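There are two complexes below, and they share chain A, which is joined by chain B in the first and by chain C in the second.
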Partner chain A sequence: MGGDRTIYGLFFFGLALTAVVIVYPAVYAIELSFQNAQSFISEPEWVGFDNYVRVLQDAEFWNALWRGIVFAGTAILLQIVLGIGFAMLLDAAIPFKRAFRGIAILPYLLPTLIVALTFRWMLNDPIGVITVAMQDLGFGTVDWFGSPTLAMGIVITISVWIWTPFVTVAILAGLQSVPESLYEAAKVDGASAWQRFWHVTIPQLGPVLTVVVLLRAIWMFNKFDIVWLMTGGGPLQATEHLPILAYRKAFQSYDVSTGATVSTISFLILAVAVLIYFRMFPLDTKD
Partner chain B sequence: MKTELEVPLSSRLALYVAMAVTLIYSFFPVYWMLVTSVRDPKVLYNQVSLIPGPFSLESYETLLAATDYPTWFTNSVLVASVTVVITLIFSVLIAYAVTRLHLRGKTAIIGSMLLAYMFPPLLVAIPLYTIFAQIGLANTHFALILSHCTITLPLGVWLLWGFFKQLPIDVEQAAMVDGCSRLGAFFRVVLPLSLPGVTTVAIFSFLLSWTDYTFALVMIDSDDQKTLPVGLETMTGQYELRDGELMAGSTLIALPLLVLFIFLNRYFIHGLAAGAVKR
Partner chain C sequence: MAKSGKKFSKHAVTRQGDAPRKTLSRRSVVKAVGVAGGAAALGFPAPFVNAAQKEIRFLNGEPTVESVRAMKFAAAQYEKETGVKVQMDTVPVGKAFEKLQTGIKAGRPYDIGTLFFIGDVVLLASEGQLAPLNEIIEQYEWGPRILFPIDGNYYWYPYDYNLCWINYRRDLYDKHGLKEPANWTELMENMAALKGEGDDMTENGILHPISSSSATNYFSFGYMWAEGGQVFDDNWNVVLDQGDVKKSVISYLDYFNDLTDLMPTGIAQAEWGVGLRGFRSGQLSHAPGTGRAIDVIRTTDEEMAQKIGIFPFPSSDGKQVAVNHGYDGWVVLDTPQTEEAMKFMKWFSDEHLINFLHTSAVHYQPARMDIYEDPRWLAHPALEQYSHITSWQKRFLTDPDVVIASIDSAGPVADLRSAKVFRSYALPEMLQNKILKGMDSSEAVDVAANKIRDVVSGG
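Moving on to the complex of A and B:
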């Protein structure tokens, strides 16, 4: 058929563009990690695994990796727990359901910068609304960004605030596909509300949860903007995880190769973690 | 599904409390942004009041007078619109071809799209910036648009692939038997049927591009090329904008999104539920 040719042609053009935009940069990043590019325009030399050896021997890297795991792990856990809670609330018989659902999803749509500016203002010392509320509650003036633990707590809390709606919506869709008859049967068997939740709802949500946890884990592990905007990695590198380390190396020290190496290793760690995850929780391959 | 009346009063009360808490939790920061932006800057640093007022548009006036806001706004609109157009054309093409044509390595194509989801932003940003710097295209909107496409294209292909897969192939074949070419069948049958999917992709490409901070931070250096988020952020240090002006600027960035959200609510939810929005 004549049209087929056009379609094939356009398709391969599209594919080529995708390759240029997505595959080529990734391959080039790996190439940079084997070179010693000291700026963005210098002529780099091939140095083999030197960058990898140097990065892996650096305590800075391992600290950043660990902080990233703490940041992503805690944030995901809280997002899932809260997301399930919100979804069950939205699934219940509540008034103004649509409007309420809209407001519950709103944080997810806001640009990260706006969220960061707003929270920075709310945590302002001495006149931010949260700072003042803490004073009124008798906690004194909290130095939010001065303490390593608090700074980490803040970036985790804000990440939970922004990205929980993703979990909420996915779980809500999952909840609506749980057959009512399962709940009825459990009720007849005398299961309490809590037992119905653990033994009916959660297992039925299994496939949705598998995907949601996977996606959130990937995105939280790679998250750069909110941490950079809230703390810049500080205080004293207390919130510096791998994305910030890579950014600092490449765009502040102009050590492009080290930045590329950190990103590549970070991607490899993620890829291995995802493969292990698929082993443990195989996705349903119905389609 | 139970009706409201069957639920006992005590658990209905608990439900309302939970609703109120969720509402405050989700909406308070947005509320605070709006309230701060229209509050008289003179009282901003003297007292904290949860009730709006005293009203003043001074923060907006100062913001527009002190910054290149209109330029950044135009830049943001330009970058986001071109990103949407490129994403739509190519994701429709690729997704359609993958579901309808006999191609080897179909799964490899879809798989590589999913893999792109896993790339840390800096794994893409560092090499892209290096490439653009070498060919003299760093600090251009073209560079920014292409870098946005690294996120929006996989998103579009993935979402539309799910959509086209579900469209019954018979409808197209019937149209082709009736004398439509494949292209004709595509434009007259497939595209109208998949309009909700295409709309979802358009909305989310726009959203990702409009809200992007990371790529704009890396790709753009000069003030007149900046998009809204990065433009506003640089103001926090350089011109020492006060919080009232920053909240006014934030409100202006959020406003188009809020309007979109109110009118296109169901597409947002569809896209979110499809798990397709990398953020």
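Moving on to the complex of A and C:
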């Protein structure tokens, strides 16, 4: 009876906490998207779907959405491919395996701010170590943040560097649950290493991959910090995706309502994408 | 909610009606006294304490050690003299507006706050959150374009100008026999003359950021103002791409493009302080900046600080010069303590403002003209020591040929429109289109003007 009370107590505490720190701000943001307010202290005016119509007619929104898809899509693809590769490597019989496994997780443990500052210094002109190395290799002085394509490439590369370890660890854990007997049976059937990987490993990793891709997609699509710290959305808005557009509108342009509208639409896009994803790759396949 | 509330009461009444009547026990008396005591403890102290000592809350946005110390000292003095406590909270630069909004939203607004952006003042005033400071403001003589009246009222007390000019290496100018440039050509020639290898030379001429940032808005448009560039006319029409103004802006863009040959790479990522670091390390012969640069350098490298000279941004023909506008000030919020806050402001203004300004003597260029003659202010040794800078500073305010302009203060009066243009980074993008994309100057101006129109119309 006492145990039940504790469980219920914890449950309701969790529920209350969720309501206060997640549900209320989300509902408030959605409410703001139906209002016209310049700031959080403005007297809001109800405008119905006007903000949505305006935002959806704005090329800035669609450009930001496209940039977000390019950023998140490329980063996730690279994280998954590299994550599987590193996991396979760390699962193999290599010397100092434990040490390498420990080192592999390090980038994920670093605060994003530290990573951003470090990379900014390394890419700094004229003293950045990467900039100087490129000069020594004969590529001249590369203006990393002066080119829209390079800037996007940089934020994708750094995102891959930070978050691939998460995929590696998840896949590595998944690999431990693949029965050795399956590989042995495949070998007996004459399957090559590639065939064993494609027909045994990948299907066995299916549930893990489903969750990892889903989580990475949600996180990358909403990723604000690394892009903001590295490029601030520039140059020429080349790295301005939906989270940065929403922030800029809400906190810099005296247009909290538009910021809230962009956030709400972003949330809806992600929710629909997740639903479609679950229809395509259902987690519960027991039935 | 109301529905469930009714249900609960009905249920409670039924249960009360069914319950047997209780006798008054000692325990229930003790409980009742305890509950009453608890309620009293929770309910009474607030007004009691308030009655005992008045308190005003001041949000300081100048976080340097010296400034915080000066503000806290003033607060302690005021409490000693009047018995009114001044709670001094400090936030990092640029975070004051957020904090003020949070306080208002939470129902516990600050009584006085520091603001660095006139758009924030306009917004707070339009929301009825500010109290006019007319009585205090009208007692003093002020410099040009600093009070930003709104509908005939003064809603802020500006304590300094943060004008942006061009810092240059005075020592190198002397060694090479150069004189302060009067126009664009002379400026480029000076930079070119100092660019090279070896002692008494620098790697590059100057650094102006072009990133979509406040730093670019502040550091990179001085030449445009000097050349006659304008964002709005007196009726809030966007004139950036109109007639003579467009010609001026095109000239400015072409000149800026030429100037990039004398700049290091990385201008697309440059932010606050990057130019200063390059200047200080001897890589640049010139750097746009404010008095803060001088104060920062003189605290660590007095010899280097003495080598710095300043001049305003020239125009192409030298007929006009400009400095980019910058300012800081305090606002008094409309709170139950407004009257006390006003008394404090008056007292501070007369008794302690100069002490505060001395905490960054060159940087905090007084907004009040009477202070320039005040012996208390003049007594600071740095003002004499750096008279070649401070004399220019005063001239910026008094010489009619000096244009004081900025994006955030563009237009006939203080207004959110110019603040929104500042935050849209339409003009930094104009530079990016020219420099990074190689866009034709005329087209870059048109793109910027259209974006500004879009921003102003709420698009």
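Note that the second predicted complex is superposed on the first by the 270 of 287 C-alpha atoms of A that agree within 3 Å, B and C clash if a C-alpha of one lies under 4 Å from a C-alpha of the other, contacts with A are read in each partner's own complex, and residues count from 1 in each chain.
In this text, contacts are C-beta pairs under 8 Å (C-beta built on N, C-alpha and C of every residue); 3 or more make two chains touch, one makes a residue touch a chain.
Keep in mind that this is a model prediction, so the values were computed, not measured.
Colleague: Putting chain B and chain C on the same copy of chain A, do they fit or clash?
Modeller: Superposition check on chain A flags a clash between chain B and chain C.
Colleague: Looking at the overlay, what does A:Leu236 touch: chain B (first), chain C (second), both, or neither?
Modeller: second
Colleague: Can A:Ala104 be said to touch chain B (first), chain C (second), both, or neither?
Modeller: A:Ala104 contacts chain B only, not chain C.
Colleague: Could you say whether A:Gly146 touches chain B, chain C, both of them, or neither, answering first, second, both or neither?
Modeller: A:Gly146 sits against chain C, while chain B stays out of touch.
Colleague: For A:Asn124 in the superposed arrangement: first (chain B), second (chain C), both or neither?
Modeller: Both partners, chain B and chain C.
Colleague: Name the contact category of A:Phe281: first (chain B only), second (chain C only), both, or neither.
Modeller: It touches nothing on chain B or chain C.
Colleague: Name the contact category of A:Tyr183: first (chain B only), second (chain C only), both, or neither.
Modeller: After superposing on A, A:Tyr183 lies clear of both chain B and chain C.
Colleague: Classify the contacts of A:Phe197 with the two partner chains as first (chain B alone), second (chain C alone), both, or neither.
Modeller: neither
Colleague: Please name the chain, chain B or chain C, that touches the greater number of residues in chain A.
Modeller: B
Colleague: Considering only touches as defined above, state whether A:Asn222 meets chain B (first), chain C (second), both or neither.
Modeller: A:Asn222: touches chain B, not chain C.
Colleague: Check whether A:Phe267 is in contact with chain B, with chain C, with both or with neither, and answer first, second, both or neither.
Modeller: A:Phe267 contacts chain B only, not chain C.
Colleague: Overlap of the chain B and chain C footprints on chain A, residue-wise?
Modeller: Residues common to the chain A contacts of chain C and of chain B are 40-41, 124, 251, listed in rising order.
Colleague: If you look only at chain A, which of its residues touch chain B in the complex?
Modeller: 1-4, 6-8, 10-11, 14-15, 17-18, 21-26, 28-29, 32, 37, 40-41, 86, 89, 92-95, 98, 100-115, 117-119, 121-122, 124, 127, 129, 132, 161-163, 165-166, 169-170, 172-173, 180, 211-212, 215, 218-219, 221-222, 224-225, 228-229, 242-243, 246-247, 250-251, 256, 259-260, 263-264, 266-267, 270-271, 274, 287
Colleague: Write out the stretch or stretches of chain A touching chain C in their complex.
Modeller: 38-43, 54, 58, 120, 124-126, 141, 143-148, 231-237, 248, 251-255
Colleague: Chain A touches which residues of chain B in the complex?
Modeller: Against chain A, chain B makes touches at 1-4, 7, 15, 18-19, 22-23, 25-27, 29-30, 32-33, 36, 44-46, 48, 50, 89-90, 93-94, 96-97, 101, 109, 112-113, 116-124, 126-131, 133-134, 138, 146, 149-150, 153-154, 157, 165, 176, 181-186, 207, 210-211, 213-214, 218, 229-230, 232-233, 236, 243, 246-247, 250, 253-254, 257, 261-262, 265, 268-269, 272-273, 275, 277-279.
Colleague: Would you mind writing out the residues of chain C in touch with chain A in their complex?
Modeller: For chain C paired with chain A, touching residues are 98, 101, 104-105, 119, 123-124, 127, 129, 203, 210-213, 264-269, 283, 416, 419-420, 423-424, 429, 432-433, 436-437, 455, 458-459.
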